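Input: a single structure, listed below in structure tokens.
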Amino acid sequence: MSVRSLRLAVQYVSFLILMYGGRIGIRLGSALPCFACPFVPGCGGYCYLMGLQGYIGFGLAAGGAAGQQILEALFWFLVFVALTSLLGKVWCGWICPFGLIQDWLSWLRNTLGVRERYISPDWKNLIGSVKYIFLFCIVILPPLITANILPPDFYLPFCSICPGKLILPLFAGETQYLALNLDNAVTFWFSLSLIAVTGSTLTGVFFKDRLFCLFCPLLALIHVLRPLTALKLVKEPTFCSGCGNCRRACQMDVAEIDQNAPQVQTIECVDCLRCLEACPSSGALSLRFFGFKLFSSQRFSTRALRVKP
Amino acid sequence: MSPNDTRRERLYRKTAQKVQAEETQILDWLRARDDYRPELDYFLAQLADRSVRAVERRSGRKVVRLLCNQAPLELFLAAGLQPLRIASGSFNEASFSVHNWPALTCPLIKGILTGLILDPNLLTGPWVIPSSCDWVVKFWEMRLEVSPLDMTANDKELMFLELPHFKNRPKSRNRWLEEVLELKKFLESLTGRKIRRPELLQAVSTVNRAWQAILALKDLRRQGRISSVYFSAVMGAFFLGDLDTWSNQVTALCQKLWPAENPAPGIFLAGSPIFFPNFKLPVLIEEAGLRIAADDLCSSERVFPSGQVLEDTSEFGLTAALAGRYHQGCLCPTFGDNERRVNNILSQTEESNFQGVVFTVLKGCHPYDLESVTIEKTLKKHGLRYLRLETDYSAEDRPNLLTRLEAFASSLKGVRGVS
Amino acid sequence: MSVNVGLDLGSTAIKVVLTEGRKILWHGQTPTAPGQESLAQILTRKGLTELGLTSRDVGQVASTGYGRRLVGFAEKAVDEILANAVGLFELSGRTARHIVNIGGQDVKCISLDEQGRVTDIKMNDKCAAGTGRFFELVARLLDTPVSDFTDLSQAATESITLNSTCVVFAESEIVSLMAKGTKKMDIVKALHESVARRVASMFKYSELNEGLWLDGGPAMNKALVTALADELMTEVFVLDKPQYTVAYGAALCLN
């Protein structure tokens, strides 16, 4: 089985579990490092971003009085760290349901024969910095609500504009987030932004593989924990002939992947392993779990070469 | 007709006969070997007639002459054209024009220039000339010396493909992409037909199939089950006919039951290309009790830079990926940032456990000569045995080369002073 | 008694060494001429006779040198690089790391590791500059036997430079030097320096280790040894009879 088909299988299984698992009693908790959207009725687990926003808000609201809630917040934080340390970016490339939806759009583009757009490293850096703005808001807005500086409608600010909140519930038949929320000015603007962000995300992703991952605050959080991560993509520069197959195969156009250096897993990398599969030099790229090689590049696998005329 | 003209014609005729005899001799020798198989006949028959007309007849496509396989072959195939790498390994051809050129001129270029004199059909027709090494760059100008009649005066049949010599630099890559897009237009202008996505996909899959056939053949050679002289002959026929037929023939050849593995120590052959009928080195290496298990010659395993992995299959995406692959994936020493070429040797040695590397420098091939110094250092640092052989197409240094190869063979077999 | 025979069929001389185990019993040489096989046979018989032996005492025969394939009665043909390495490594008491062999028409620079394995081979390919032929040519021009070169060179008073390494060009350069009245001994000294420069250019200074041995006929020339030591800035060792190392090595390869 090729890495590609294995990944696709994992993506679909994860999609089913995370989107519908709740209906058969699967509850994977509130600290999943992927867009397992809590707004999907009957979902199998919750995205940690929601937990993060919620706990910061609740925790501060309760103050010292509600020690139990602080403990709970700490518990989910540790669960998040543990899950991230175990699988790293595999959460993004293999498990995230929103990632799969982005891949569908890439497939559609490819089928239609439309070219993918290239984003220059400078632009990528600029776009990439947006996710830190999101992170900043996630951390700073909930306390402001608690302190009554912002109205409670600012609760879960990231979720309010996250395209996952609009798209993913549709798969469970939940269509309410498609509509404008006219409760008040804040909800109106939030729901309008949600539609605008979703529209532009879908358009952007259609022209560029996984464009949204560049904005994703969760990706940044996972990357911060990289030193703890057991699952790593490692490059052995001695075996790399610099052919650039990896970079051309890369969904995220990681520029470092074909350089003459061992550090290739940059913040954008989503561990999709296309690079590993495209690499013609045996042993140049490998995915390691606690140092143990799970996959290693080989002279072309037949599968990687197959092109349908 | 002046006496000078008849004299010149006699000279040309005589040289052509000598070239013919040289080729026939090696083809007969290849057929007479013990390990000859009838499946090889297809390739040897193609080598016997490498004229443009024969290639056009066999492939059913119009030939575009390529001076160096730097240009993406897929584009030619997608345009319905047949790329033909012009090369010469003939001693008689190379030594014919010896008086016209400086002593250290590349024998390959000298051979090709003589080829132009001997076969006027070679010159007239479309040419693509990539600017890889200095010899290739100066070729079109040198050609005026042997063939002053500019029969391809119209620029429509000639394209210089400018190769940026730094492949790890984004700006160079963009420039190269522009060149490749230009090449696409040039090829389209030759046929009057647009190269579109379906034709590109078809061409990519044709080349990928060829690559898979080459992989099987490479494995056969690594195991020591096919002689390198036959490997060279098969690769020498790469451009000489329809590529799909070639791939099928190679696959058939690989499925043939070959004799047991050759126990001779395997070496990696690196360096300047080796073209038919100059099989001097492969023959000497075998005579010395060694076998070539793999190589990185652009006439052989690097005939094109391996298969294509394509994610963006749009028309532009395919062209851009092809451009990238033929630029960054090329290990030609004319690149200024080619230090990772040695990694290809190291990873293959690691994989197949070769003991030594023979580095061949064609006299006058300066880029390879220069790189041999840094490569020697890196290989020795990794504990590999290394032998550098500088030679040309002549047979006069055969005993000398053989002595060195035999000593190299004993050092690989671990023969030591006194145990 | 089982005697092994090592034959070295070089371009200028045929050398024969008779051994028992690692011990050299007899050695001899004769100039190369047509009919090398019979010359080698005659020389071998001569050795056997002097030792009071017959051809029945011969165990095995190994041949080496350019003519190694011309000898039908040899059981084994060894390339001269390996034979040289094996022979000199043993005779140097396993201390040799580099061997410079100046033969009749070539110069070989062989590098060895601690076990005596060949790690590097450098060799002139198409040009006879710096070889034994070069010395013969100069000897003819100066009308002085090569054996006198050492004394002549040591007596040199003036320092001149011989610019041409090419045998052909050196000939005209020497002729014009003689015409100018340059003394023989100064020319000979310059010749040694020129050959030493040529040999030194085949080594990378950074890769040069202690333990450089010179062998082949011209190694008997002490002035050449001095010139080479000067040029490479290292001590150059020489055996008493440096021309037999290759034949001896071939014989050892039979063990």
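Letters are used for the chains, namely A, B and C, taken in the order the chains are written, and counting of residues starts over at 1 for each.
Everything that follows uses one rule, which is that contacts are C-beta pairs under 8 Å (C-beta built on N, C-alpha and C of every residue); 3 or more make two chains touch, one makes a residue touch a chain.
Here the structure is a predicted model, which means the values were calculated and not measured.
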| item | value |
| --- | --- |
| Least step count from chain A to chain C, where 1 means the two chains touch | 2 |
| Among all chain pairs, the one with the most C-beta contacts | A-B |
| Chain at the geometric heart of the assembly (C-alpha centres) | B |
| Centroid spacing, where centroids are CA-atom means, of chain A and chain C in whole angstrom | 73 |
| Gap in Å, rounded to a whole number, between the CA centres of chain B and chain A | 46 |
| Rounded Å distance, chain B centre to chain C centre (Cα mean) | 40 |
| Of chain B, residues touching chain A in the complex | 167-168, 197-198, 201-202, 204-205, 208, 211-212, 215, 305-317, 321, 324-325, 328-329, 331, 339-341, 343-344, 346-347, 350-351 |
| Residue ranges of chain B in contact with chain C within the complex | 385-387, 390-391, 396-397, 399-404, 406-408, 410-411, 414-418 |
| Residue numbers on chain A that touch chain B, as the complex places them | 109-110, 113-116, 209, 237-245, 248-249, 251, 258-260, 274, 277-278, 280-284, 299-300, 302, 304-309 |
| Chain C residues touching chain B - in the complex, by the definition given at the top | 22, 66, 79-82, 85-86, 89-90, 94, 106, 110, 112, 115-121, 123, 125-126, 252-253, 255 |
